[in-house]
Structures are given as C-alpha cells and as structure tokens.
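You will see chain A twice below: alongside chain B first, and alongside chain C after that.
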Partner chain A sequence: MSFAERMLHIDRRIIFLLIGLCTLIPLLYPVGLAIKVSPEVKSVYDYIESLPEGSVFLLSLDFDPASKPELYPQAVALLHHAFKKNLRVIGMTLWLPGTGMASEVVSRVAREEGKVSGKDYVFLGWSPGGGSVIINMGQDLYKAFPTDYNNQPTAELPVLKGVQSLRDVNYVISLAAGSTGIETWYVFGKDKYKFELGGGCTGVIAPGLYPLLRSGQINGLIGGLRGAAEYEVLIGKKGKAVAGMDAQSATHFAIILLVILCNVFYLLIRTSKNRAEQNRS
Partner chain B sequence: MTFLRRQLPLLITLVAGLLFAAQYYIPHPSSELMLTSVSKWLQIIGGFALVLGVTSLFHIHAVKIRRKEPGWGYSFVLYAAMVGTIIAGLSPDWEQFFRAIIDLILRHKSAFRDVQWAAGQEIINGHMTPFGWIYNYMMVPLQGTMFAILAFFIASAAYRSFRARSREAAVLLIAAIIVMMGRVPLGEYLIPVSGDITQWILNVLNASVRRAILIGVSLGAVALSLKIIFGVERAYLGGGKE
Partner chain C sequence: MSFEVILGAWVATGLTLFILTFLYQDNPLFKLAEHLYVGVSVGYAIVKTYDTVAVRLIYEPMIKQGDWSLLIPLGIGTLMLTRYVPKAAWMSRIAFAFVVGVGSGLAIPRVISSYILKQIEDTVRPLVALATDGNATFTYSLLNPASNLNAIVLLIGVVSVLFYFFFSVEHTGPGKAVARTGIIFLMIAFGAAFGYTVMARMSLLIGRLTDLIEYAQPQYGRATWWLLVITIITLIVFHARRKGTEPPQ
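So, the complex of A and B:
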C-alpha cells in the first residue's frame, strides 16, 4: 500500500480528534475576528428597527433542543432587540419538543430586559396541528390559544389588546430547524393573512430558503450560527454566537484542508494507476 | 359495506377538496367561519394523531420486549424513559406535596387540595419540576450531543468521499470550498472576496436551481391533489384491491 493509499484510509479517530481540537481550542482561546453582516440578516434587523413602539412581534420558535446551538442564540438576539424596541412580543412554537426551551428563552430574556409576562409579552406554548394552528390563529387567535403556557386566559391579557388574529400582527419570525417552520408560516400564514414574515434557520436548511428570500416571500433570513453572530453584532450585544464563530472558522478550515488532502492523495493514486496501465500496454 | 369503505370516503374527499379549494378565493364571513371551524377540527385531529402515535410506539416496543427480539433492551429503555417522563410530567410540586403529607401526619390537616400539579410544566412556583429536570438535564443535552456528533461524522465522510471523480464533482467541490470559506470570518479575513462569491452562489445559482425544484415539486403536488380529489388516486383508502 502506497503512502497516498495509507493516507486515504487513515483512522477516522484522527479526524475526530482534529475536529475536536479545532472546536475546543478557539473556544478556550478566542481570536475574535471581525464578522461582516450580510444583507439578509440586516433586512430583518432593519425591519424590527422600523417598527413603532407597541407593534406586535410574533416569534415562533420552531425547533427542538437538537438545534439549540444554532437557533437559541438567534432567539436571544431577536428577543433582546424586540424588547429594547418596546414591541409587544408573542412567543410560541410549532415543535412540541421545543416547548420548554422556547418558554425558558422568552421568559429569561424578558426578565433581563425588565418585561412583565402578560403585559409586555406572552408565551402561548404549543398546539397540535402545524399548518392548521397557523390557519386557526389567522382566523381567531383566541380560539387557537384560549390560554397561554401559564394557563392565563389569552383574551384577558393586556399584551394582546387589539390583536384578534394574525392580521393584527406586524411582524412574524419563524426560527426553524425543519419542514414545519418558515415555509409553513408562508404557505398557511403570510399568503392569506398578509403580515410581514422573516426567517431564521439552521445552516443546513438555509440554502433551501433562498428562493423565498429572493422572491420577497420572506423579507430576511438569519442562517445558522453565523446569522446569529451577525445579529449579535448588529444589536451590539455579543453572545454565544459570536463566541462560537472562531470555532466554526477553525472547523470549516479543517474540513477544507481534509477535502483538499483527500483529493491530492486521490489524484496521486489515479495518476500512478494510469502510468502503470500505460507501461503494461 | 363497500359504500362506507369506498364511495363515502371518496365523496367526502371530493366535496371537502373542492369546497376548501374554493374557500381560499371567497372572503365571505360564512366562508371564513367555515375555515375557522375546520381549522379547529384539524387541531383536534392533530392531538388525536399524537395519542395514536404514542399508543402505536408503546404497542410496537411492548411486542419487541415480550418476544425478546434482537435489541429488545433498547425498547425497554425507551419504555422506561417514556413512562418515567409521563409520570414526571403529571407529578405534583414535590415541595408542596411533602409539606401536605407532613401536615396530614402532624396536624391531621389535609392540604392536598393546595398542591399544584406539574401538568407538563418545567417550572411551577419558581422551582423546577421533575419533568423540567428531565427536560433540561437529559433531553436537551442528549439531543444537542446527538446533533453535535454529526460534525465529526461529516468531517470523516467528507475526507473519504468528497473527491473530484468527474468534472461535475469538481465543480461541486470548488463551490463547496468557496461557500465554506465565505461563511466564516476566517475565510473572509484571508480571502475578502470569498464572502461576496458565497452570497452570489447562494442567491443566484442555488436559488435558481432550488426554485426550479420547488416549482416541479409544487406542480406534482397540485397534480396529486387533483387526482385524490377526483378519486383517481385511491391509495390513501388502504385495504388493497376489493
């Protein structure tokens, strides 16, 4: 077995170790490289900035704990921004396993910003049905969620004063980790009830949402941890996303290096095989 | 019986399909009221689907455990975790509960009526419920760990299989490397133009191809919906041939 062949069949634990170190070292010794803000993240920020005080902002946290590292920092940054702007915040989720986490992030950020449940914000929780929940909210919010997550009747909450359905919501953002998320909110919500819609998603599904962005079906898109880091830079509150960018830089470059090496070895093997065949013939 | 099993579901599908396709274009209050009612029904049916799913899961794994099929130990773990979580989710606020027991023993006064139940909540009265503990300290880290492991496997798989075997594969490889560079600050620092090229790849090349796929899938969905509404496609009825 040649050196190139041996390198191609390298023990995968060495690769695991390399990725582990590339994640760990930058987290322990951050460099803090500058983060450039992309237009799709800026447009979400600009839209929230343009909303007058008291506008209704609905954040749908459509993800489970598996996507927490990417989407939780997005939720934190968006909630800080919305509360700073004194928007009325409605939190909810279409993903059952994410309910506890969604409730925790909304109440935690609200507490940090000195906001009161029921007066400044409400967390509606989860309701079964996915798309049909959105239709139901579009028809009558109080029928879809008669009580909030803390069992308070929604009709009596001051934060929802003047809000009858999704038509009265100024801006909706879905932070999605999969199929019940941004597309669902567009198809069953925005298209019929005419609110402005933005999105946040995991890095892996972001490329699939660019057609919605380009056609104006969503007005902005926060993609993955990078998107969260850009938003943290925009609101001037650097958090976990910015801290994680050095680790992401290192792992991306480790994978690029591995892919280049693998192709160099592959080409070496192919060239030597071709030469051997030519010599034989 | 054939009428109930075949004709009636087909008739319901035809009427409901046409009615709700038309409803979208009719903004009359009665049409909206109908949509409100039906969307509520859908939510209720969604709740039943959840119950059905859990019941089915219990049944499948109970059979595996009873027959001691290969991997039945995992089924047992799943069973224990599900039952444990359900019990924890329905449990009372332990502090209040124990206080009520002490009251009952020492003062012969029943305070059980004041005990609050978790009812699926992670926090009640400011402290974490057993369900909240399971959620925060077991489910969240376990799911996060499972997802994080992907990074290691992706790196290993990329090293082993991401090779320029053809021109098309080479194009994909170069695009992937540019996007990976352009999405991290280090890439933009080393090659400042990589960020802009990445934006162009995502916004132009990627978006146009994705859009073509979306249009194709959507046209297929419309065609399938029409086939179901008009009874051409009947696989959803199940039961095979009559």
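So, the complex of A and C:
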C-alpha cells in the first residue's frame, strides 16, 4: 500500500482529534484575528440605530437548544443593542423546545441592562401554530397571547401600551434555525402587515435566505456564529461569538487543507493506477 | 453561585462528554445520553404543550373569562382523536378537511406571492441602467449585488440551471454548453451550502468546547476534569468487560 493509499485509509478518529485540537487550542490561546463586518449584518445594526427611543422591537427566538451556539450569541447582542437604545422589547418564540432558553436569554440581558419585565420588555412565550400565530398577532396581539410567559395579562402591561397588532411593531427580527422562522415571518407577517423584517439564522440555512435579502424581503441577515461576532463588534461588546472566531478560522483552515490533501492523494493513486495499466498493456 | 447553576453545569458537562465519546466508538454512555435527550425533549414538549394549549388557551379563557366560542375549535380538534376508535374514525376526516382547507387557503396565495412573484420580480432586472440624464450606464462591481454585471450573471445562472432541468430536449450541441453552464452554477451553489454547513457544525463544536472550558473552572467544582476522568475510566471498564465476554475467534 502506497503512502497516498495509507493516507486515504487513515483512521477517521485521527481527523476528529485534529479538528478537536484546531478548535480547542485557539479557544485556550486566542490570537484575536480581525473581524470584518458584512453589509447584511450592518443593515440590521443600522436599522435598530435609526429607531427612535420607545419604538417597538419584536425578537422572535425561533430556535431550540441544538442551535444555541450560533443563535444565542446573536440574541444576546441584539437584545443588548435594543435595550441600550431604550426600545420596547417583545420577545417570543415559535419553537416549543426553545421556550425556556428564550425566556432565560431575554430576562438575563434585561437584568444586565437594568430593565424591568412588563415595563421595558415582555416575553410572550410560545403559542402553537407557526404561521397561524403570526396571522393572529397581526389581527389582535392580545388574542394570540392573552397572557405573557409569567401568566400576566398582556393587555395590562405598560410595555405594550399602544400596541394592538403587528402593524404597531416597528421592527421584527426572527432568529431562525429552520423553516418556521424568517420565511414564516415574511410570508404570513411582513407581506401583509407591512412591518420591517430582519433575520438571524444558522449557517446551514443562510444560503437559502440570501435570495430574500437581495429582493429586499428582509432588510438584513445575521448568518451563524460569524454574523453574531460581527454584531458583537458593531455594538462594542465582545462576547462568546468573537471568542469563537479564531477557532472557526483554524478549523476552516484545517478542513481546506484536508480537502486539498485528499484530492492530491486521490490524483496520485489514479495516476499510478493508470501508469500500471499502461505498463501491463 | 447557586446550587442549581452548578448542578446544571455538571449535568451539561457530563452529557456533552458522553455524547462526544461516540467519536471514539459506540458505547453505553453515549446511549444513556441519547435516550435521556429524547426522553427529556418529549417530556418537556408534552408539559409545555399542555400548559400553553390546554390551560392558557382553552381552560382559562373558557372557565375564567366565559369565552365559550372556544368550544368550536375544541370540538373540531377533539374529532381528530376519533382516529383511535375504528367505528368513529370517519369523523376525524372532518377535522383534517378543516385543517387542510384552511391551511391551503392561507398558505397558497401567500407562498405564491412571496416565493414566486417576488423572486421573479427580483430576477428580472434591467441589464443596463439609465442615468438621470438619459444616458445608459453599466456597473461592473461583482461585490455589489445590485450591479448590472451581477444582473447578467444572475440571468445566465437562472436560464442555464432551468435549461439543465428541462429534460424534453436532448442536451446536445449548443444545448449541452448551456446545460454544462447550469451544472457549474449548481456546483457553486452546492459548494456555498456545504461551506456554510461546515461553518455551522464547527460553531456547534466551538459552543460545546467553550462550555467545557468554562465548567473546568474552580467555581464549577472543575466539573469538566472530574467528569472527563470518570468517563475515561468507565469506557476502559466497559471495554475490558466486553473483551471478557466476547466469544473466542
């Protein structure tokens, strides 16, 4: 067996170990590589910056704990920005398994920014139906969510004063890990109730959402951990996303190198096989 | 730091390490974590659904606020349960018909408008722009999605990919060149999707390792180190026991 063949039959656990080390070492000893902010992330930031104090900002945390490493830092950065701007924040989720986590992140960031539940922000929780919930909120927010997550009647909350439906919301951002998310908010929400919509998503679904960005159906897109890091840079509050960028770059470099090496070894094997066949004939 | 936070850190660390042991080989610790995940997820979903739907959206508005109109959707929903009674199963079709009818009625026009009409509108863009003085201008920047050069790239991409999926005509001669161009565009799209997927999976690994590093700190009782040692010892014991029970070759 030639060297190239041995390399192509290498124990996959060695590759796992290599990727693990490429992730772990930069996390323990960060280098601090530069992070360039992309226009799609800047658009979200600029829109929130342009909102006057007291505007209504709805953050729909449409993900479950499986997507926490990518979307949780996005939620933290967006909430810090919204609270710093003194926006009235409405939190909710269309994903049942993410309810507890969504409630925790909204209340934790609010506590860090000194905001009060019911007065400065509200977490509505989860309601079944996906698109139907959005339609219901577009007609009457209080019928869709008669009480908030803490079982307080939503109609009595000062933070929702003057808000009757989605038409009264200034900006909606959906942080999505799947099909019930940004697209649902566009199809059943923005298209009908005419609020501005932005999005944050996992890396897996990001390529599918770029057509919505280009056509103006969403005004900005925060993609994956990279997008979260860019947003952390924009608000000047570096967190877990920025800390993970060195590791992300190192693993990407390792994977590119492995792909190139695999192709080189494959070509070497093919060439030697062709030569052997030619010699035989 | 509260006891719940420390306990949560130990549980999260233990389950993360148990799941990661699968990278070495399948083992009982991985199975334990896998089954716990499924059980906890289903239990959580049942409790939250009961609390939100049965209590907050049905019981409280009906009993406390006297909104008896909710009996109509409740009745339609209950019809679905007749699936479990063979003689009355036909009644569930009423509920399904309602769900399919309302769902289609709501979704079809909105989806056509959002995904087809809006996207066609965005695809059909002028290849040459007209300036305010009436002269034709052409922008070359590939980095600007709205440039005229990108409009041409988009046009070529859409037409060639559509042609590639047009199977009524044999892809020979000039048609072959167009179809080949379509394949190139598709490959670029698949490459971008794969790249993003790799980035997403690496982000998940970064997330778990970040937590493991955090939980290795003294304030969490060095959970990562203790549990790593326990996991390795348990794996060695399992491995030794399995070797002892394996039939001789």
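We take it that the second predicted complex is superposed on the first by the 281 of 281 C-alpha atoms of A that agree within 3 Å, B and C clash if a C-alpha of one lies under 4 Å from a C-alpha of the other, contacts with A are read in each partner's own complex, and residues count from 1 in each chain.
Note that in this section a contact is a pair of C-beta atoms (placed from the backbone, for glycine too) under 8 Å apart; a residue touches a chain by one contact, two chains touch by 3 or more.
Please read all numbers here as calculations on a predicted model, not as lab measurements.
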{"item": "Partner chain in contact with A:S43 - chain B first, chain C second, else both or neither", "value": "neither"}
{"item": "Which superposed partner A:R226 touches (first chain B, second chain C, both, neither)", "value": "both"}
{"item": "Touched partner set for A:S55, first chain B, second chain C, both or neither", "value": "neither"}
{"item": "First, second, both or neither for A:N86, with chain B first and chain C second", "value": "neither"}
{"item": "Chain B versus chain C as contact partner of A:E104, first or second or both or neither", "value": "first"}
{"item": "Which superposed partner A:Q217 touches (first chain B, second chain C, both, neither)", "value": "second"}
{"item": "Touch count on chain A, higher of chain B and chain C", "value": "B"}
{"item": "Partner chain in contact with A:C262 - chain B first, chain C second, else both or neither", "value": "first"}
{"item": "First (chain B), second (chain C), both or neither touched by A:A34", "value": "first"}
{"item": "Contacts on chain A seen with chain B and repeated with chain C across the two complexes", "value": "16, 19-20, 23, 66, 68-69, 96-97, 100, 127-128, 132, 135, 192, 203, 206-208, 211, 214-215, 224, 226, 248, 251-252, 255"}
{"item": "Sites on chain A touched by chain B in the complex", "value": "8, 10, 12, 15-16, 18-20, 23, 33-36, 38-39, 64-69, 96-97, 100-101, 103-104, 127-130, 132-133, 135-136, 139-140, 143-144, 149, 192, 203, 206-208, 210-211, 213-215, 224, 226, 245-246, 248-256, 258-263, 266-267"}
{"item": "Contact set on chain C toward chain A in their complex", "value": "23-24, 41, 44-45, 48-49, 52-53, 56-57, 60-61, 106-107, 110-111, 113-115, 118-119, 121-122, 145, 189, 192-193, 196-200, 202-210, 213"}
{"item": "Residues of chain B that touch chain A when the two form their complex", "value": "24, 32, 35-36, 39-40, 42-43, 45-47, 49-50, 121-122, 132, 135-136, 139-144, 146-148, 151-152, 154-156, 158-160, 162-164, 173, 176-177, 180-181, 183-189, 195, 199, 202-203, 206-207, 210-211, 214"}
{"item": "Footprint of chain C on chain A - complex, ascending", "value": "13, 16, 19-20, 23-24, 27-28, 66, 68-70, 96-97, 99-100, 125-128, 131-132, 135, 146-147, 151, 183, 186-188, 191-192, 202-204, 206-208, 211, 214-217, 223-226, 240, 243-244, 247-248, 251-252, 255"}
